[in-house]
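In order of appearance the chains are A, B and C, and numbering begins at 1 in each one.
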Amino acid sequence: MSKKLLTVISVVLILTFVLAACTPKPDLSKEVTIKVWHQWDGKYLEAITQAFNDYTAAHPNVKFDLSKPEDVANALNVAIPAGEGPDIIGWANDQIGQQAIKGNIVALNDYGITEDFIKKTYEPAAVNGVMYKDKIWALPESQEGIALIYNKDLVTSEYLPTDPLNFDDLLAKAQKFQADKGAVLVCNQAFGGNDAYHMSPIFFGFGVPSYIDEEGVAYLNTPEAVKAAEWLLKFKDVSLTENSYDICFAGLKEGKVGMWWTGPWAVAGIEESGINYGILPFGRPFVGIKTLMMTKNAVDRENQDIVIDVMKYFTGAEASKKIALVNKTIPANTAALKDPEVQALTAVVGFGAALNLGVPMSPSIYSSAQWDPVGKASQAIWQGAAAPAEAMAAAQKAADDAVSQMK
Amino acid sequence: MNRKPRTGVRILQYAILILFTIFAFYPVWFAILASGRLGDRLYTLNLLGMFIPTEWTFENYRVMLFERPFLTWFKNSLLVASAATVFSLIVATSAAFALSRFRFRGRETFLVLLLALSTFPGILSLVAIAQLLTAIGLYGKHVGLVLAYTTGSLVFCTWNLKGYFDTIPIDLEEAAMLDGCGPVEAFTLIALPLARPALAVTAILAFMGSWGDFIFASVLVPAPDRLKLAVPALYSLANSISVPWGYFAAGAVFVIIPTLLVYLALQRYFESGLTLGGVKG
Amino acid sequence: MSVWSGKKRALTVLLFLLPTIIAILIFNIYPTILNIYISFTNRNKFRPNPDCEVGLTGVLDPLCWPAFKDKAPVGLGDPYRLADPLLKNYGDLLGTLFTAESLISLVKVLVCFVPLLVANWLNKRFSKEATPPISSTWIWIIAVILCVFLGLIVNFGNSLNTLMETGDFIIVVFRTILFVLVRVPLTFLIGLILALVLNSSNLPGRTFFRVMLFIPWGASAVAILMSLVWQFMFREQGTINQLLLALFNIKGQVWLNKPASAFGAIVLADIWFSYPFFMVSILGALQSIPTELYEAADVDGASWFQQLMNITLPLIRPAVLPAIVLTSITAFQMFGTAYAITGGGPQLAADKPGATEFVMVYAYRIIYSVQNYGRATAFAVMIFIMLFLATLWSLRVTKLTKGANA
């Protein structure tokens, strides 16, 4: 070939390489430590840490620093403006509204996550749970809702309610159980405590659409809510006076309690204790979506590409499946959920049915106003400090007061 | 009272003493017993086990010391409390000396101002302090916490030391100054050595204040585990979903026993200190 | 000191005081000013970020300072502005306190305590005379009877209920004052009894008991952890209930679920933490009383009780009274014990504070759970004013008694 043509071809080739090198490709090769703040507890944490370790094995330049602060909301408020915050937050989706309002987390639409992508990858409830004001704020990793985990040896079929929305039946069976066996049928850590989350199957089961909806309307003194409150008072007679996570767990192990109203996080412990357990969906529980959010600090530190990659990996089919198999949680990733091994887990089948009955937790800011009034009202009712109707009226007032502060 | 009381009174006195000794000691004993028990509950359903160690195992201690970062938390608390005490003493002693020895305009006002400011409860100014430390860049770091503790115990230390300085006669220092010493030398060479007992007691009290503090530490150094202090870390351990009470008890015993021993060792000082220089509260 | 003068002296003083002044300016005065300012804004969880153009926000809020401004997060929420009306937060806390009905109730409640004040004043006047016309015990008895009588006339219970309906502030403050009024005298009494016993002569084992009885003071440094241990005594299957079952076959109730017993539980735990302080101060004061006084009283045939009332108590008063006043102020600010044992107590209603939500517990909840900073700082300012006045008054009392002894 002529020298001229050779020169032209070489120049073109060189230019192509240079241009290729200059295209903004995610630079996944810098040495970085990703800070993760989370709320994962106890046994859960082991499988999750393993997932992060696997990522580091595949990408040796990325290390993780996991920590569980005492009070994430307040810690974030001070840390993020200082640039000391985490890159990723692992948190429930009801916090999305608040954190978005404050500007602590960033909308993922700006970083390459499209609605198409999440609709294809995740379950519809999970997708709804991470969208707020038409933007995507987090990637969902698991879904959870509570159901009745019962001791099959103790609670034989005559004591099992058949209709998940028939509360009078549950009450009758609980009375029968106590008369026959001298033990309590249902233990729920919200009985006597300030825990609106564990109260949700009862209230929503009676027909309350939501504690506070997307527009900020509270449904706490509707007739349905009052009926639920009255049922609660009646149920007190067939329950333990003091309930907590530990008391319920110990009761279940020792045969003093037939059923424990709790979520997938307790399954690992129950399996370890060797109880022959079954899962019975009851009422309409809150369906919470556990998510991973990206913070403003990650963007400031220019870690956003790595963070998005990590988040996609963690909520991707492979990692989700691994975590689900160990922790017995329900993945939000559709492929992982439909995987036959995951579908074979009793927990997934049982809790999955509960999720179908459930009410999704909304990411709007108003949902943060619902916990306190409902929790305090149910506690007051249980401890006999207020009559059901009175307590719910007070709860409605408190909820309206809180919502008005947001508007 | 020189006379020996009647037997009846004696019995009553001993009954009272024994009753209150049980009252005083039982909670600590309970924690010690619980730290030797395995299990999910801090109490046991075995009534006797609440009073004597029916079962004892060092498992809880082993886990806390070697598997959980308890030693790190403990070390952090020691470091932060010591640093805060040292700084506090330095600042408070010089202020107390000046307030005690010099008569200057506005002295009374300054004293009252000190006292007034100390009545603004720490909890409430915590958010502002957290924001301030964030601005300086010290949020989440031990240095920020040390600063917060120093200023927190400043007023108490200053009042305490001033009260003690008031009881030391000025003569020695005046004599020294006639001989040509400056005020700084008088302070460091004469007043400080004389004030040693008060310095020791004030130092211990300031240390204990920072050691056992919960709120400031939990807000200003919330994460990660390797930076947390002992008391807030143990408290959050007790507040997790499924509480490992045995571990909590082991950690609590580790934190409480040294505190007790220190206070007991200083008992004498408390009594004399109380009737000497000022009123502690 | 007269040796130095003028400028050199002023500089020296400044040098000694400088670190303290700087520390106080930055960590005490500035936060206080910021808090006062925020109490006039509507800052809360949903309006967390400052609008640097409004009022003094640009100057006071750290997020508005130049070094910081671009790092500040900008969220979807509105920035906070001055409250409208300006005193809204204070109004919310005080509720309907300043309406005619509530003020009348307040006056009624206070009027019931007037006889006690009158009795105190009368006693002071009469103590100066050699033979008072009426003995002091009679004056107190008459005062108490008048109090009860007045209470019945003005319907004390009703007025109290009306007051409690006004707003959060009164409820929380009243509850805390009640706590102080119960806890401090009980602690004093226990400290007095123990000090008297420990002070008696010829007591074998005295040192052992002194050491053991002193333990709670040491534990009070880590009050939060010990309070968690205390909580277990009161659980449904805790120590107290198990003891009751074993010894008396009574099935104990769940102490922490009822307002009155939860209150009592906290009082008990707090007494455990604080009685050694009184015990030690009174013991020290007792040891400075010369024994000749008691011997002379013995010769005169005075009984044990008369000696206690007429010799012991008046002579320890100068040392003990400041301690009582200071402890009261500290007890008012008690946080750890209540928070760890009940976390604010059995809930009475969703829109009211819990049964054991004392001043500091309420403040903590408003700041960290509800995150309504505007309201929290307004509360802080009001409490600060109360505590400040109380401290000033306590200084007066302390100086008074010091003057008497000096």
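Heads up, the rule we're going with is that a contact is a pair of C-beta atoms (placed from the backbone, for glycine too) under 8 Å apart; a residue touches a chain by one contact, two chains touch by 3 or more.
Everything quoted here is computed from the prediction, not taken from an experiment.
Asker: Quick check: more C-beta contact pairs in A-B or A-C?
Answerer: Per the contact counts, A-C leads.
Asker: Which chain lies the greatest distance away from subunit C when centres are computed from Cα atoms alone?
Answerer: A
Asker: Measuring from the mean C-alpha position of subunit B to the mean C-alpha position of subunit C, what distance in angstrom results?
Answerer: Once rounded, the distance between the two centres reads 20 Å.
Asker: Starting from the mean Cα coordinates of subunit A and subunit C, work out the distance between those two points in Å.
Answerer: 41
Asker: Of all the residues in subunit B, which ones touch at least 2 other chains?
Answerer: 41, 131, 134-135, 235
Asker: Show the residues in subunit A shared as contacts by 2 or more other chains, in ascending order.
Answerer: In subunit A, 71, 74, 81-82 touch at least two other chains.
Asker: Hey, what residues on subunit C touch two or more of the other chains?
Answerer: Within subunit C, residues 63, 68, 235, 237 contact more than one other chain.
Asker: Given the complex with subunit A, which residues does subunit C contribute to the contact?
Answerer: 44-46, 48-49, 63, 68, 71-77, 235-237, 254, 257-259, 346-352, 354-355, 368-372
Asker: Quick one: which bits of subunit A touch subunit C in the complex? Just the residue numbers, please.
Answerer: 71, 73-74, 77, 80-83, 98-104, 133, 192, 194, 240-242, 296, 300, 365, 368, 372-377, 379-380, 383, 385-386, 390-391, 394-395, 397-399, 401-402, 405-406
Asker: Show me the residue ranges of subunit B that touch subunit A in the complex, using the header's touch definition.
Answerer: Touch residues, subunit B against subunit A: 40-41, 130-131, 134-135, 137, 139-140, 218-219, 222-225, 232, 235-236, 239-243, 245.
Asker: For the complex, which residues does subunit A have touching subunit B?
Answerer: Those in contact with subunit B are residues 37, 41-42, 65-71, 74-75, 78-79, 81-82, 84, 245-246, 249-250, 265, 269.
Asker: State the interface residues of subunit B toward subunit C in the complex, per the touch definition above.
Answerer: Listed in rising order, the residues are 1-5, 13, 16-17, 20-21, 23-25, 27-28, 30-31, 34, 41-43, 45, 47, 50, 90-92, 94-95, 97-99, 101-102, 104, 110, 112, 114-121, 123-129, 131-132, 134-135, 147-148, 150-152, 154, 158, 170, 173-174, 177-178, 183-184, 187, 208-209, 211-212, 214-215, 231, 234-235, 238, 248-249, 252, 255-256, 259-264, 267, 270-272, 274-275, 279-281.
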